[in-house]
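Naming follows writing order (A, B and C), and every chain is counted from residue 1.
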Amino acid sequence: MSGYVRRAWMVAWKDVLSERRSKESLNALVFFSLLLLFVFQFALGPERTRVEAALPGLLWLAFILSGLLAFGRAFLIERENDCWEGLVLSPGDKSAIYLGKLAGNLLVMLVVEVVLLVLFAVFFALDFTPALPALAAVLALGTLGLAAVGTLFGAITAQVRAREVLLPVLLLPAVVPVLLASVSATQTALSGQPLAEAAQWLKLLAAADLVYLVVGVLTFEFVLEG
Amino acid sequence: MAARALGWLAVLALIAGLGAAFGYAPREVVQGNVRRIMCLLLPGVLTALLAFAVVFVGRVGYVLTEGQVWDRLALAAAEPGVLFTGITIVSGSIWGKPTWGTWWTWDARLTSTAVLFLVYVGYLLLRGMVDDPDRRARVAAVVGILGAANIPIVHFSVKWWRALHQPSTILGPEPSPIAAPIAATLLVNWIAFTLLFAYLLAARMQIARLEDTHAG
Amino acid sequence: MIAAGPVPARGPTAPLPASDFMIQAGRLRKTYGPATVLEDVSLELGAGQGVTLLGANGAGKTTLLRIFATLLRPTSGSLRIAGVDAVREPEAVRRAIGMVGHGSWVYEELTALENLRFWAGMGGHDASRERLRDALEQVELGGSAGRRARTFSAGMKRRLALARVLLGRARLLLLDEPFTGLDRAGRKWLGEFLLAFKARGGALVVATHSFDAGVGVADRIAILSGGRIVLDRDAAQLGHEDLRRLYDELAMGPGSAA
């Protein structure tokens, strides 16, 4: 395994292992998802049709809010015991660390999204199964975009004073395209139409993901340096 | 001193531009006087885009050379950039009220610009929160680069999302249907705005340089 | 460049050819806005040498150490590590640097073994189980290899950090308050470890406010006060008592900052 891939792998391995053992973030996120469900229900009122109509938006709202929490926490682990220093001083291209963190974040988001879908299905008596493959594709592309920017900005705000406020302030405007595209494509998927109908949105998502990844990989070492 | 001269030039051009907008350009038949606000809107948009392009250049320059001057350039451009975007949005809103009946619509151009505005406000907020000048410049550079790279993506996503705004008359592929006097007015205003931007840029850079040497 | 292969131990007073300098710091200055943390700091350190930075808290020891580690950039001044300009090319020198800072770089949820495996992997070093266990044995953490670091005392975390350093191929060791949290036996162990490191040709910078332990490993003593080096002498040239007196005067007197 080349040094670069190995380092990215080590970072992802370390994060997943730590999270699996402490379960801090995951527990909080899952519980948060549950809470969101109730909040949505109370905000929208008892009519089921309203929820169904707003469903794509609600889903992505939930994903983004969870993402904000997850990305904010991703680099906190490095602040304990000054591990951040160790990462800065480790030799080689620092973007490997970015990719490793990204992988970890993607995994967390994936788990949260699956949980949310299950919760939505249970609480709002919805059936996602016919739309699953299409939904999975949209989720994959959209989450990649969210996480690519979220990991980068999470690293930036981890060392800043008002980080809880700053991360949303920076992240939300930046992921507007991802939100627009993902919601539209999700709409298509959920309404049973073939995914080809949403082709332009998917292409936009793919292009955006590529751009964000490239920017992240190229600029991460600047963010890491103290 | 060059900045001063620029400043005066900008003021003159602005006066000329405003005069042209309200005196010289003929009243447009359907939209009346409000059309003249357009003369502020379009140049505003173009200058805002110019500002963000300059921010992007400054950011990349900083990333490549780590020279403080690039960081100052980016900061100096971002603040007027935010200002011009603000002007664009407000004048767009004013234009919109009589035309569409509301202060705000989620039309493509306006929304895109608003998103851009939010991105750069966030950028400035971030700058305010990092004390170490080295780190501040680096981190701001990263946010700025992503913001700039996002511009076309935002543009297309919002455009597709909403097809309300009239087809682009300047940036579209069809020949521009704008009459000559209006075109001249727009041109003068655009030059005025650009000069104003250049003046603000130069002045802000000077201040930034003084700030840095004072602190360092 | 430092010669490859085993380097003979050098005495503290032997003259050093220029290429053997591990650290060449010239007029380093570090400011944070209006506050000046380091002023006009110059220091030279050769291979096989150890310098102990003494000073009260707030005197600038940690800042200086972090500049040597290329974690911080000096506001002005020059720094060469192993002959390379460390300010311009920090990446080039990082492989040669091992550091035990305030934090021990320990991930709480990982076991001692896993922690080492991570840092070895990040450093690009061979991380076979045997080597990792061996390193843990050397710092007397062999029995705790499978325990999560969350359960470790501060001293144990320190030792884990030293095991991490052992796995690397550092030629310059930077240690910030390494003796804190160690008991008597631990301090003795660390002292021996550092002397052995020097004997192998490594260079050492120890920052501490703990006088006795710090002096034991040093060939040179530098006292930092208020961001300046107020004393830089060969340890051999000063008697223990004189040094102590000087230290109390210089470091604890006008220099003891907030």
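Throughout what follows, contacts are C-beta pairs under 8 Å (C-beta built on N, C-alpha and C of every residue); 3 or more make two chains touch, one makes a residue touch a chain.
Everything numeric here is computed off the predicted structure, so don't read it as measured data.
Chain centres here are C-alpha means, and the one lying farthest from chain A is C.
Remark: the per-chain Cα centre closest to the mean position of all protein Cα atoms belongs to A.
Of the two chain pairs examined here, B-C and A-B, the one linked by more C-beta pairs in contact is A-B. One finds 40 Å separating the Cα centroids of chain A and chain C. Taking each chain's centre as the average of its CA atoms, chain B and chain C sit 51 Å apart. Chain A and chain B have CA centres that are 31 Å apart.
Contact of a single residue of chain A with at least two other chains is seen at positions 226.
Of all residues in chain B, only 131-132, 134, 215-216 touch chain C in the complex they form. On the side of chain C, the complex with chain A involves touching residues 69-72, 91, 94-95, 97, 99, 101-110, 114, 118-119, 121-124, 148, 157. Residues 31-34, 73, 75 of chain C are the ones touching chain B in the complex.
Across the complex, chain C is touched by residues 3, 6-7, 10-11, 13-14, 17-19, 21-22, 77, 80-83, 85-92, 226 of chain A.
Against chain A, in their complex, chain B makes its touches with residues 63, 115, 118-119, 121-123, 125-126, 129-130, 135, 138-139, 141-143, 145-147, 149-150, 153-154, 156-158, 160-161.
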